[in-house]
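Handing you this structure, nothing more for now.
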């Protein structure tokens, strides 16, 4: 069929087009990162670079990108460089450039030229339509480069001429924020570098279908890079700011010793004193508030989180696992299974604060009317329940039927089959799911505010084990620690935000530093659980594949 | 050539013990010099494929003549599908695959740096074992390739500007459906979803879809294995007609089918070896290798 | 129907010893009694609980198979009952509040707006609007980035980068909400206050962006699941006619997985809507309506979740009932999203016949 066009099967040498486009993309990447550095105030906006102001340099580089892009596009159109462009850049690119044109034209008209509403609207529509037409009507190599180059050139010119610079500010009437130069310059530079790099990515791949792929993949990769960047920044901030607090007055040495009373073993040994590593981290081992500690610590919060998690697991794992077994192995009614699935998914997506309300209405009045550890444990258990059911159900279902058949063929009862063949095979998945679920509830705060959160800075640790008492009247057993309100790591982080300062005098750090330290410890606990969960999943999966 | 080394490797096939290395060598020489009239459409030289530790294809070399039907037969797991997927580099999708050797399509090496996979697959079309039409209308399925390549512009924009290729598309769709012997059956429902067609119709639609890109070579991976006898017969007739314009390479495990439709036949046996390659009549009536004879007469495989 | 149940029960009885069944019935009964007593706030709750434990142990030793089946059934019912209990308690506690205001609580815009009291009218409308505004901002941030991330992981990334990116995104989901909130409170809010000279520390914009980032991992992982259910044969079919990977994604993969991807977005929106802690510590907690509504930098800020978390700890009387009403509205909104997403996913699953 004559409609099909053919291009070279094998690409030749690297061409001028590719060199220029790669250069433009590199400049774009530098501008992108530099602008974020300015926004994060890692680099002062007045830093002189190579003898010029930073923002002027941004402008110059944007102009250079504009020249490069326009050059490649025009050269391709005139046939000086090889490429395989489509007939048009397409409606998507057209509406994108139309939008940029509209915003740019409107802002320039209203802010720089000082036009009224009618005036700027007219200019905005005109520039928008013009930009869209410039993108859509000509061949793709011009349509996807020239509008981008014009935008970059305009932004670059504004920066170089200092029209948009440190002295610039804009307070729109109907938005209660002021946009100032020190923020908006990096923002428009980021926008410019994105548009320019996208255009250059297309040009580098020679426009056409491959160019579109290159442009799209460039944006997708950038989004993923941005997500990982956010993650790195979050973790980085917390570690950087929290480490000093967490290690206040900490001691690490090799001069510690471990006392082994020989009498303990029931033999006549001398009391040994073994040399041992000496580690003291008061921030982790002290209580949060006391006359006798100089470094307020997290011990009540850490122990509180521990007891909450243990209680939630004791409640949720048997219940959830049993439900999953029944669903996967026993029930034959599809309706019933669907009902349970809808219910568990509903529980999973229920907002945590709603669980808190439920605890407040259902549990709190029944455990002495006040906030208590037991309510916290049960509420977190309710939240853990759907995760346990879902993950256990999936991993039990993933056990191949051959296991069941093999066992059943030996004349073993259904329950014995489940217990001896199905559950052991499903256990890795269940364990992984539980670990990930625990990681989730360990960081949960909202329900604790309603059912568990005690004083902002606890002065004693929860003593669950030593508080059991037998009483002569029902309920016969009592445990005051279980019925006390207390603290937990995420709750502690919340109170360090809401309380203006640390209680008492003479703490070596501010309440905000205390918060950073708490965030670090919380992160270590939660991410530690996640890392263990993910690692165990990879381990079991590899084991499965290698067998 | 290191073919000799390979041929001495013992294979589980019982027949290999009866064939000496020497005769095996002469057999290989004879099909290497197999008379290809004119330029070969596809020339394969020392092709090796590994999937991880698994050596799936061993030193395969063959020239495929143009405008003819070449059948690849052999027992399952012999590497014939792997070989087929090397010809348009669909094996690149499998991350663990390692491919060495040379494949030339139309005189150009496809395993070298800078090869444009999109362009390669336009020249070497493929039809898969199970029909895999897109969940779109019949028309869109056929015109999918040319549209995506920009050869047919029916986008919203070009329609707005009044420069779309609706007529060209109409003609192309009709032509390809006729070439795939499907037009009469679907002429009045081109806008219906392709998933509503029967299996045989879907497979012919997939052939039409491949033809619309105007390939030089058409690869077919057991195109009739999922179809009933009547649909199979239609596909077989179609393959014969296609060979007038295209170079068709078809994988099949059905020896009668290979004998019916192909001009030349290549026999792969267990372990990824190409054991015999020649005119179909000759391969089926007087194969040179004992192993091939055993396979064809049903003694093993 | 009834006769079938009787028949099934007869079958079940014939397969098990009568003693085991009686034991099982008593065990279940003791659990029910325990719940009833607990509901009554009785101090005697401990007796049936102890009975349940003892009976379970006895049954486990004597009739393990029967008891195992029975117990797992009881536990399944208990799991479903939890959702029922949540709904029931929310509605019961919120009932007086709705009785006072009727549905006007949802749309009333005149002062006084807050807080609920028996004698003055009040309204949830500012919080509903606040939830919608922050959720909308979050969706704008999270939906495109999340879909891009899912495409990257399922279609573009090489094996090695996937091994880095996927756990990375999962870790992002693992960081506790309050940690995001702390960073937002200490760094983002302060930056906006200084750089944009906003009237308050904290506003809808920063909250929306932050909960958008927090909803990202949900969208990425659910959408990636959906994309990977598209059969490889269909992608191969597109690639074999010589289209680029991007064209294949745009015209085959994403349209085929469209329902799954939109379910992912819905679930992400639900997450953003129910997000509590980050919003609670970042938002200024002033009730009112921004004027105009797109003034997301303004001084007003309160959502359904934040008002419950911020005031719930110390509220009493009609105030707490009003907060329960907020909880009911929130729960209903999230449940609608979640059920819609599940329906879409179920349809997608039946379309490709996969059973995952």
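The chains carry the letters A, B and C, assigned in the order they are written, with residues numbered from 1 in each.
Going forward, a contact is a pair of C-beta atoms (placed from the backbone, for glycine too) under 8 Å apart; a residue touches a chain by one contact, two chains touch by 3 or more.
Keep in mind the model is a prediction, meaning the values are calculated, not measured.
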| item | value |
| --- | --- |
| More contacts between chains, A-C or A-B | A-C |
| Chain whose Cα centroid lies at the greatest distance from that of subunit C | B |
| Chain occupying the most central position, where position means C-alpha average | A |
| Mean-CA-position distance for subunit C and subunit B (Å) | 51 |
| Whole-Å gap separating subunit A and subunit B, where each centre is the average of the chain's CA atoms | 47 |
| Distance between chain centroids, defined by C-alpha means - subunit A, subunit C (Å) | 18 |
| Touching two or more other chains - residue numbers and ranges from subunit B | 118-120, 122, 148-149, 212-213 |
| Where subunit C touches two or more other chains at once, by residue number | 243-244, 247 |
| For subunit A, residues contacting two or more additional chains | 209-210 |
| Subunit A contact footprint on subunit C (complex, rising order) | 38-39, 41, 43-47, 64-65, 68-69, 71-76, 78-80, 82-83, 85-86, 89-90, 92-93, 144-145, 148-149, 151-152, 156, 165, 167-172, 174-183, 185-187, 192, 195-199, 213, 216, 220, 243-247, 267, 270-271, 273-277, 280-281, 292, 294-299, 305, 308-309, 312-313, 320, 323-324, 327, 330-331, 334-335, 337-339, 342 |
| Subunit C contact footprint on subunit B (complex, rising order) | 88, 90, 93, 95, 118-122, 125-126, 128, 130, 132-135, 144-145, 148-149, 206, 209-210, 212-213 |
| Residue ranges of subunit A in contact with subunit C within the complex | 171, 174-180, 182-183, 209-210, 212-213, 216-217, 219-221, 223-224, 226-228, 230-231, 234-235, 237-238, 318-320, 322-323, 325-327, 330-331, 339-340, 342-347, 349-358, 360-362, 365-366, 382, 385-386, 389, 413-416, 418-419, 436, 439-440, 442-446, 449-450, 453, 473-477, 490, 493-494, 497-498, 512, 515-516, 519, 522-523, 526-527, 529-531, 534 |
| Interface residues, subunit C side, partner subunit B - complex | 158-159, 231-234, 236-244, 247, 251-252, 255-256 |
| Complex interface listing, subunit A residues touching subunit B | 1, 3-12, 86-88, 90-91, 94, 136, 208-210 |
